[in-house]
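I have placed the structure first, in the form of structure tokens, so that the comments after it can refer back to it.
Letters A, B and C mark the chains as written, and numbering starts fresh at 1 in each.
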Amino acid sequence: MPKFILNDQEVEAQPGQTIIQAAQDHGVEIPHYCYHADLPIDGNCRMCLVEVEKMPKLTPACTTVVSEGMVVRSANERVKTAVRGVLEFLLINHPVDCPVCDQAGECRLQDYYMVYGLHTSEIPQSLKVRKSKAVDLGPVMLDQERCVECSRCIRFFENVTKTGELQFFGRGDHVRIGTIGNQPLDNPYSGNVAEICPVGALTDHDFRFKARVWFLHSTDSVCGGCSTGCNMRIDHRDGTVFRLQARRNVEVNRSWLCDEGRYSFHELEKGERLLYPLVKNGNGAPAQATWDAAARSVDVRLKEIGANAILGLASPSATNEALFLFKQYLGEQLGATLLDFRTDSEDRRVTEEEDDVLRHRDKHPNTMGALKLNLASAELGGIDGAIRAAREGRARAGVIIYFKPLVRREGDVDAEAKIAELVRSLEYSVVLASHHADWQQQASVVLPVAAWSEEDGSYTNYQGRVQLAAKATEPGGDILPLWEVFAMLLHVSGAESRWMTPDDVFATMAERVEAFQGIQLEQRRWPGALATA
Amino acid sequence: MKREAKVINVSEQSEKGSSTIKDVLGPLVGMGLTLTRMKDNLTGKVAATISYPEERRTYSDRYRGAHILTAREDGSPRCVACYMCATACPADCIYIEPKEVADPLIEKAPARFEIDMLRCVFCGFCVDACPEEAIIMSRETEISAFTREETIWGIDRLMKREELPEFGLGYRPNQELIDSTLAFTPKKPEPKTMAGRVTMKERATKIPHITFEPETGED
Amino acid sequence: MGIQTLLEHINTPGYETLEGYRKYGGYTALEKALQMEPTALIDEVKASGLRGRGGAGFPTGMKWSFVPRNSGKPTYLLCNADESEPGTFKDRLLLERNPHALIEGMAIAAYALDCHLSYIYMRGEFGFLVEPINRALAEARAAGLLGPSVMGKDFALDIYLHLGQGAYICGEETSLIESLEGYRGYPRIKPPFPAVSGFLASPTVVNNVETLAALPWIINNGAAAYAAVGTEKSKGTKLFSASGHINKPGVYEVDLGYPLLDFINNECGGIPNGRKLKAVIPGGSSVPVLKAEECEGVLLDYESLAKAGTMLGSGGFIVFDDTVSMPEVLTVIADFYAHESCGQCTPCREGTGWAAKILHNLVGGKGRKSDLDLLLKIADNMEGKTICPLADADVMPIRSFVTKYRDEFEALCVS
């Protein structure tokens, strides 16, 4: 562990760390554009110049590896003057069109200008180099004038996806990035380049002009699009999700998100939401009910039918906490044994990679959690077994959880059709869903539950990593989070139910379920805690 | 630019100007002025009040009245929907919805730009915040309406309402507009004969530019 | 002027053929070298005091000794024939008239470095030389001077010609390597130095044409004979490409340490029409300019020029008489660097272009006095802040021109 002196303080660095990384670990921010923790080092922006004793010239902190006894100064007048000089160079050909730029508010040029620059422009607008603006590259918009040529995007496509769509053209101050013939990007990870662009050169097409970033609130969460469980940040305002941004987790997704996950929140906006519990009355017509009345009627009816004839179909998109209480209620309290969650071959696909960057074939965030809770019943054998059981009359009642998949695949229609089939085959069915679907009319009771981003809870990803997906927006109507529905059912059923928050549920789960034993609540936040096999 | 405050030493000033004669005469001169004003008031020569709405005051050039959205040469709004005004607004009364513009040199324009005049506190922060000289203020004060909906002003009303030319420009960053133009032609304020009630003062027969301000030199 | 190691037969017809070259003792040095130990050969070159003739003047023997032996990777020798420094045209003459000296020198260097594959990286504008060089290489191959067994010895070597696309930056050794590998010609961050990890991540030596072509003479006549020429620290001879306001422009081989003014007045035939000397750029456009009075007593060698505040560079010797407008000269130079900046590092990419714009404004009669200080500020902000020295190459003329001829610049300012 080399020790070195950073701004008159002795600090320790990890072996092989560069100055910029070591400084970051110790809370010293060295300004930079081209350096990115998950991309190869390029050293072209020259913003991270620092003074290293015994070196005649200022040296870039991103390329210089810390060595024992090194004396580094990152904030003295010489360094500041150099950084100001580089910043001035970056801005001379910049169009300064912050008012129309979506990056404004989180732009490194703005940030560093306020810290280091504050100079008056010495170049008239007419002498600036003009390049192409508002070039539509499909998922991202390119503005060559705003570019600082840091090559982050180029290195992303070259090293992470290994596809190399973007490249530099021209040279000198006419150098610009682009695709050949301005072809749109056709890459499942394109959104990342808009996110890693430190300036407004590449901006997200989906987020274009939607909101100014300073109005947005951020909530740390986990993607619900597949079993990878990428860490992300939900940017939202007034109950609307505006965009999803990657949150760095070296163990899971580094700094990336796939486009399917990044834009998955739009799936929630599609279709009509269920807002109130609906219970079929004597005439067979669904009528709005209070939660209390609905829960009581469900509990009474299920008990009437009897444990042996009840089947439960959970969802691999539900949180660990909800699945645990689902099992507590149906399994422990009512004594049902026909519990499963599979509508497809999720248990097999959960670790199947779709590509070698991030994506997995299983498009549910919590298949692993359901497996850890032993919800895959060999006796029932997934949805096909459940339909058989219902047709044969072995199962008369069913409690079915259905979430719309956030990332769609071809098999989804079949899976949904099978659930509809199951509901049709049952004498009494309770459907817990977030969105309305026509087949729900067949159900005896439809209960509205919170969707992804509307509830706190944890998902277990393909590695068995338990991570917290947080609540960003408030659901409307009488919608309740799924765990709370089962907590309520347990309560009306006469069981002990004293959980006030999903954290309480998890604490109980960590005590009672072997796979989750010993996991502390705080661990789930970041970088996630591994459940035992 | 460095600004320095002018320092006035009050005690020095009073010592300099102090004399018995002045101490005695001062109040008497003051009393004289008071009596003169009293006579003028009683005879109706001057009045502290005016007969609004027939008579109106002329407001200062920096008066913060209802807003104006300025225009480009082609008459479209100068605004680029940057939300700076909405961000600066302490009353949260500005609502903007942007849209894409084909010209890559403009890129963005407001699809909707609304100011809730009832919520507005006329602080002028929006004018200060605007990087494009797109929003300025007028000297218009009469924004009352019969419904709440009418008090939410959209782009058209903010750009070219009929009453505006008479009131003229108010608070704005530059005396003469530099980057922008107006979607209406401001009228040179012209005195016009008042209709309706007759007042006792001759000069007050003109609206809307009856003034009692000293710089007009009429009083 | 003393010995002519490179230019002795330059005007002899047929010297560019293998036959002509051998008539005057060609390839005897290679034969001699192949009988020596590679390490002894490196020591010999070290002893000769030969320094890199491309511009930086780094001792060649020392450069070779940095190459790790037995690294498990092949070693590559690259010949830098990307001669693009304004005012320099010496390599072109060698490639045109004396190609076999280069091939022999490369074979000697390759043997010393245990290199079996070598490239000549030539600038795109030298397209007309592709055919002659390839012919010379074919001749050498046919005569067994290149190939699986060089001169019948257990040493394989082949040399290929690679044509660049005409970028000045590709004369910088790391971007030359990058370009040769097929990438955009961007300089690499050092370390690692090419001697450790260069072409295809293997140990690589990049030498200038003139450096390599000097080797046969050194081996034939001995290091001592070469070291006897020149000054204590600058040994041997150097080619100067003399141009500008002189009566006899051309390439001259000069003993290092030759007086600068004598070179102008005697070798180059003085300044035409009896006009007065105004300034000299002694080493190509990227070195600081010398005013006429500063040229007094200056010798043409690395140390003396450094003492005078300039550099020997690549030997692009440009002479200006008193009819020249220095701001216009600087504008041309600044334009060149703005055009040739590769665009990788911020200060160079933006600074070179900005400086050129300011100078165009100035020469176009729209300059302000404050522009001169702005130019110097830009120079300060560019200097020493980039990966490669191209920015510095722009800084040096800007700073020297503006400070030394400030009155001329100020006279052009309108406000």
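Throughout what follows, a residue touches a chain if its C-beta (ideal position, glycine included) is under 8 Å from a C-beta of that chain, and two chains touch if they have at least 3 such contacts.
It should be emphasised that the depicted structure is a prediction, and the values quoted were computed from it without experimental measurement.
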Please work out which of A-B and A-C is bridged by more C-beta pairs in contact, and write that pair. A-C
Of all chains present, which has the mean Cα position farthest from that of chain C? B
Indicate, using Cα centroids, the chain positioned nearest the centre of all protein chains shown. A
Indicate the whole-number Å distance between the mean C-alpha point of chain B and the mean C-alpha point of chain C. 72
Could you work out how far the Cα centre of chain A sits from that of chain B, in whole Å? 51
Roughly how many whole angstrom separate the Cα centroids of chain A and chain C? 55
Which chain C residues sit where two or more other chains touch them? none
Would you pull the chain C residues touching chain A in the complex into a rising list? 167, 169, 184, 189, 338-347, 349-354, 357, 361, 374, 377, 380-381, 384-387
Chain C partner, complex, touching residues on chain A are 41, 43-47, 49, 56-58, 60, 63, 82, 85-86, 88-90, 92-93, 122-123, 127, 129, 148-149, 167-168, 170-175
Could you list, by residue number, the parts of chain A that touch chain B in their complex? 97-100, 104, 132-134, 208-209, 212, 214-215
Residues of chain B touching chain A in the complex: 80-84, 87, 98-100, 104-108, 131-132
